[in-house]
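Next up: the structures, one after another.
Presented sequentially are two complexes of chain A, the first with chain B as partner and the second with chain C.
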Partner chain A sequence: MIVPLTAYLVVGAILFAIGVYTVIAQRAAVMILMGIEVLLNAIGLNIIAFWRFTAPTDYSAQIFAILVITIGAVEMAIGLALVMLLYRQRQTVEVDAYAELKR
Partner chain B sequence: MTAGLEIIAFAICAFIAITGALGMTTTMSMFRSGIFLMASFVGVAGLFILLAADLIGVLQIMMYIGGMLVMILFMVLVMHDPGGAMMAGMDMSFVERWFSKGLVPREPAQSGHAKHMHGDHQRGYNDHHHGNAVQPDEPNDRKAAAMRSGHGAHPMEHTDDDEQEGQVMHHSGDKHDDMDMGGMDMSMDTPVRPIAVWLAAAVSVVLVSMLLLRPAWRIIDAAPDPDSARSIGHLLMEKYMVAFEGAGFLILIGIFGAVLLARPSTHPDDPSRSAKVAIDERPEPIADDGLTPLAGARGSTEHHMHRHHRPEEHGA
Partner chain C sequence: MTALLLAIPLLPLLAAMAALCVGRRVPWGGGEFVVIAVALSLILLIFNPDGANLSATWFESGGFRLTIGLEVTRLTWFVAMIVASTALGVGIYSLGYMAERPDRPRFFAELGLFVGAMLTLVLSSSLVLLFAAWELVGLASYLLISFDYAKAGAPQAAAKAFLMTRIGDVGLLLGWLLALATIGTTDIDALIGAIGTDRIDSYAITVIAFLVLAGAIGKSAQLPLTGWLPDAMIGPTPVSALLHSATMVAAGVFLVLRLYPLFEAAPAALVALFWIGAATALVAGLIATAEVDLKRILAWSTASQLGEMMIALGLAGPLAASFHLAAHAAFKSTLFLAAGAVQEETGTRALDRLGGLIRAMPFTGAVFLVGALALAGVPPLSGFWSEETILAAAAQSGVATAFLIIALVLLAGIYVGRATTATFFGGRRPTQMGEPGWPMCAGMGLLALAAVALGWILAGQLGNILPFPVEPEAPTAWRLLAVAAVIVGFTFGVWRGLAPAFGSLPAKFGRGLMAATEAPGIWAMQCARLLDPIEDALDSVARFIAAAARAMASAAHSAECRFDVGAKRTAGGIWRLARDTERVEVLGFGRGGDALAAGIAGSSERLRTLQAGQLYLYTLALFVWTAAALVAGGLMLWL
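Let's look at the complex of A and B:
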């Protein structure tokens, strides 16, 4: 525990900022999904860092991290299915073309 | 673990995680984005293992790396420029230029030349991608699109085998604009990118300054159990049983939803249906779906109307 808690949290904060930037600035839907994955990673890193430094004998935080990873996997599956469906409809994956979803 | 080793391991893992995420969002090549994201995941997994959460680290590698491989496959399948060859010649910021180093810009005339040298199927594939270069934020007039769609599909060189494929291409070319190398806005980023940069910088600065000005958390200096996976398993099966079952149920529903979404539609109004009809000479009959048929495709209309109206009455 030489490396302080703040260092891990700073890494998590930077990852979160990069994820926010990716979700807002990217044009392709797949890239937005990747940005969401980075966001979930930052959340998991924060959870595990707090577990290690403030409650290392209670493993509930790791259960929480497992749930976050599960939700990330399900989100990726549903998101890719949606992207494939929208690609079949619009012949593009760029989210600007999805401005009106019903036509 | 000695102190120096821990610091070095943390530095390496944090560098890989942050550089991977940064490279993911700034490189012009979709394929490289996927690889960079994998590197970021590996770095975060290293941080997990450094934090004595070895089970989460291994889970991270196993689930996310598998998912990322599938994602890269999808990208190469779906994107119109997965390798970033078109965007490599554009002006970029220095970060983007550094992360896109080594990408060879593709000349449009050269790609057209290579298209003729390949086989029919390859040419159709290229044409398909050619037609997919859409400018979604530029609603150009349909006349120019229709004029250029003929150019994009190369109708003079179509053999008879190509004809059906050409119909599909024409179908997609009608709806969208064809590629125009002149005023094409091909960047991967939305116009709000400067706002996004400032917002991300603001999020980062606010979070880091809050961390530096924080009230001190009470840090417990107890080493966790080295056999932590056993404890986690017991917790999953005893205390957090409902959450565990809920996650399993969520995965089940997610799989059902993904399969349901990815299934080709049987509705006659669906574009994928028309593409299928254009390719398949004996398409699957659609008489037994619960949807109302179109005016052109009159089958057993009363039966369908009956089936269509029943849920409305039931709902009312």
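Let's look at the complex of A and C:
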């Protein structure tokens, strides 16, 4: 049985929705970073799905997907490093505590 | 050493400046500066070797090269020595002579200018610098003759001297301009070097020689430009002494000596020189025998002696002329200084009011006597030797010229004998006087010593010192005749005493000559007077313009006053306007601005609440806005 494109897009949409919810609803910075990762993977899934079903001979979409994964890894590294530093300074990872600009 | 060469003429000029600036604050009125400067110049001259040369191109234009420079040749060294040493003696003398005068700094400044200009003239290696110094000498003599400008006749005498020498100066000016046009440079050596080559033809040489001769005649007071010399006696006596011996009248003779190769190449000019000299020497000598003013006798004698130098030059005897120039400088300055001492002590210089002074002033009398005997040519004083060389030159060219010299010697003996007797011997008229102060005695004594010794010091040496050929000695018969003429003339003069030696005819002739030679000066004056109406007209025009300007100024003033009032009113109006504006600003714009600012502040406070400071709200807003934008974009595509 062939899984149709629509199924992939639905999964990607669900993943994206979960990612958006996670980013908005979570209070911990680490969880927000995780949500961002989910968002990126939803987009990666969409890219691969579109490639597979519309232009399977063109490899540029694969490269694009690899680029998205790479950016996700790098972003995660920098994001976790920032969170680590913030934790050392504030002894917390709750983003609601970071409200210096709002005075 | 060449740089020190520059100092020789500059030192007296600097001393003149110093005398003018600080003369009032030093004990001798600035005279010490001049004396020291002249003494230093003399020392520098002694140590400056022959051939020292300092020359530069002033400017070049159109193929003409104007040079300026100083040069010590054997001739210029010799004449500069005469100038500097005479000036030293006269300078020392004038320290005493001017001691009582409050305005003496001016005198010493002018004296320094005179000496410095003359030294520049003598040492110059360029015709243009020579001419400039020549005019400077003329200017200095003008200033010095009119030093007592309040004295009757002094300004006139100065103007006369200036104008009459200026007539000759025109000739010199044209002469050097012609030389410049012919050979393209003002260098004297170049001019002399060009003679005999094809760069300058004999016609041009003759013209240049005659033009230069005109300048020399004016400066050396030869006929027909003699008249200024006796009148110049009105200046202070040191001035007369300097002017008559070394600085002014010697310039003419020096000029001919300096350019002597030029004259040698122009025989016509030499002949003219001889005749002018002969006429001047005879006429001036004759007039001197009838003169009754001590200084005027000496003045006429100067003209006569200079005529004798001109004769020697005309007879191709430049050595004799330079010897006589030196000897004459010594004894004539001595005579003048002694005469000045007499005038200082007695207050007069008229021969009929003097007499017997030898008992009251033995030193001055002795000095005068030495000078007189030297002038007359009594052996072994300096005049004897120089007259003898002139006689030798004359005897070479003929019997007539030799007799002319003998006659001149006779005349010299007569007039100087008269002057000596009438002043120092005979009945004693005035009383209560003594010798002048030591500076005057020192100056006189030094120059008298020179008058005594110069002759036999130079007699054998002059041929080595100067680059001119030595004449053979005169035949013994002529020499004996000359000595006899001296003795006869002097004795005759002494015997005649106060009375004119040859009746009153020469005196009348002298007056006639003065009147005749004054004519050019008077013409110049008349020409100047012709300008008077024009000047008056110009003056009245100027006055009119001044009056008109005044009227305009007053009109402008009243208009200005009116403007002033108007301006005050306008200013008041503007001030009120400004005050009202200020009020409007404070009440209207000020409050309006405040209200606006308060409104902005309030609304931004409300806007502030949008910034919640919660990360999730920002993220939510981001997604919402993106979704909205996508929806809007999709709707726009779809529609």
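In this section, the second predicted complex is superposed on the first by the 99 of 103 C-alpha atoms of A that agree within 3 Å, B and C clash if a C-alpha of one lies under 4 Å from a C-alpha of the other, contacts with A are read in each partner's own complex, and residues count from 1 in each chain.
Keep in mind that, in the parts below, a contact is a pair of C-beta atoms (placed from the backbone, for glycine too) under 8 Å apart; a residue touches a chain by one contact, two chains touch by 3 or more.
Here the structure is a predicted model, which means the values were calculated and not measured.
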Self-check item: chain C versus chain B on the shared chain A, clash or fit after superposition
Solution: fit
Exercise. Would you check which partner chain A:Met84 touches, where first means chain B only, second means chain C only, and both and neither mean what they say?
Key: first
Practice problem: In the overlay, answer first, second, both or neither for which of chain B and chain C A:Thr54 touches. | Solution: first
Practice problem: Answer with first, second, both or neither: which of chain B and chain C does A:Ile32 touch in the superposed model? | Solution: second
Quiz item: Where does A:Val20 make contact in the superposed view: on chain B (first), on chain C (second), on both, or on neither?
Solution: both
Practice problem: Check the residue A:Asp96 against both partner chains and state whether it touches chain B (first), chain C (second), both, or neither. | Solution: both
Quiz item: When the two complexes are placed on top of each other via chain A, what is the minimal CA separation of chain B and chain C in Å?
Solution: 8
Quiz item: What residues on chain A does chain C touch that chain B touches too?
Solution: 20, 24-27, 96, 99
Self-check item: Contact footprint of chain C on chain A as seen in their complex
Solution: 20, 23-27, 32, 95-96, 98-99, 101-102
Exercise. Please give the residue numbers of chain C that touch chain A in the complex, ascending.
Key: 611-616, 619-620, 623
Quiz item: What residues of chain A sit close enough to touch chain B in their complex?
Solution: 1-3, 5-11, 13-22, 24-28, 30-31, 33-35, 37-38, 41, 44-45, 48-57, 59-60, 62-63, 65-67, 69-74, 76-78, 80-85, 87-94, 96-97, 99
Quiz prompt | Of chain B, residues touching chain A in the complex | solution = 3, 6-7, 10, 14, 17-18, 21-22, 24-25, 30, 33-34, 37, 40-41, 44, 47-48, 50-53, 55-56, 59-60, 63-64, 67, 70-71, 74-75, 78-80, 131-132, 134, 136-137, 172, 175-176, 187-190, 192-193, 195-197, 199-201, 203-204, 207-208, 211-212, 214, 217-225, 228, 231-232, 235-236, 239-240, 243-244, 247, 250-251, 254-255, 257-259, 261-262, 270-272
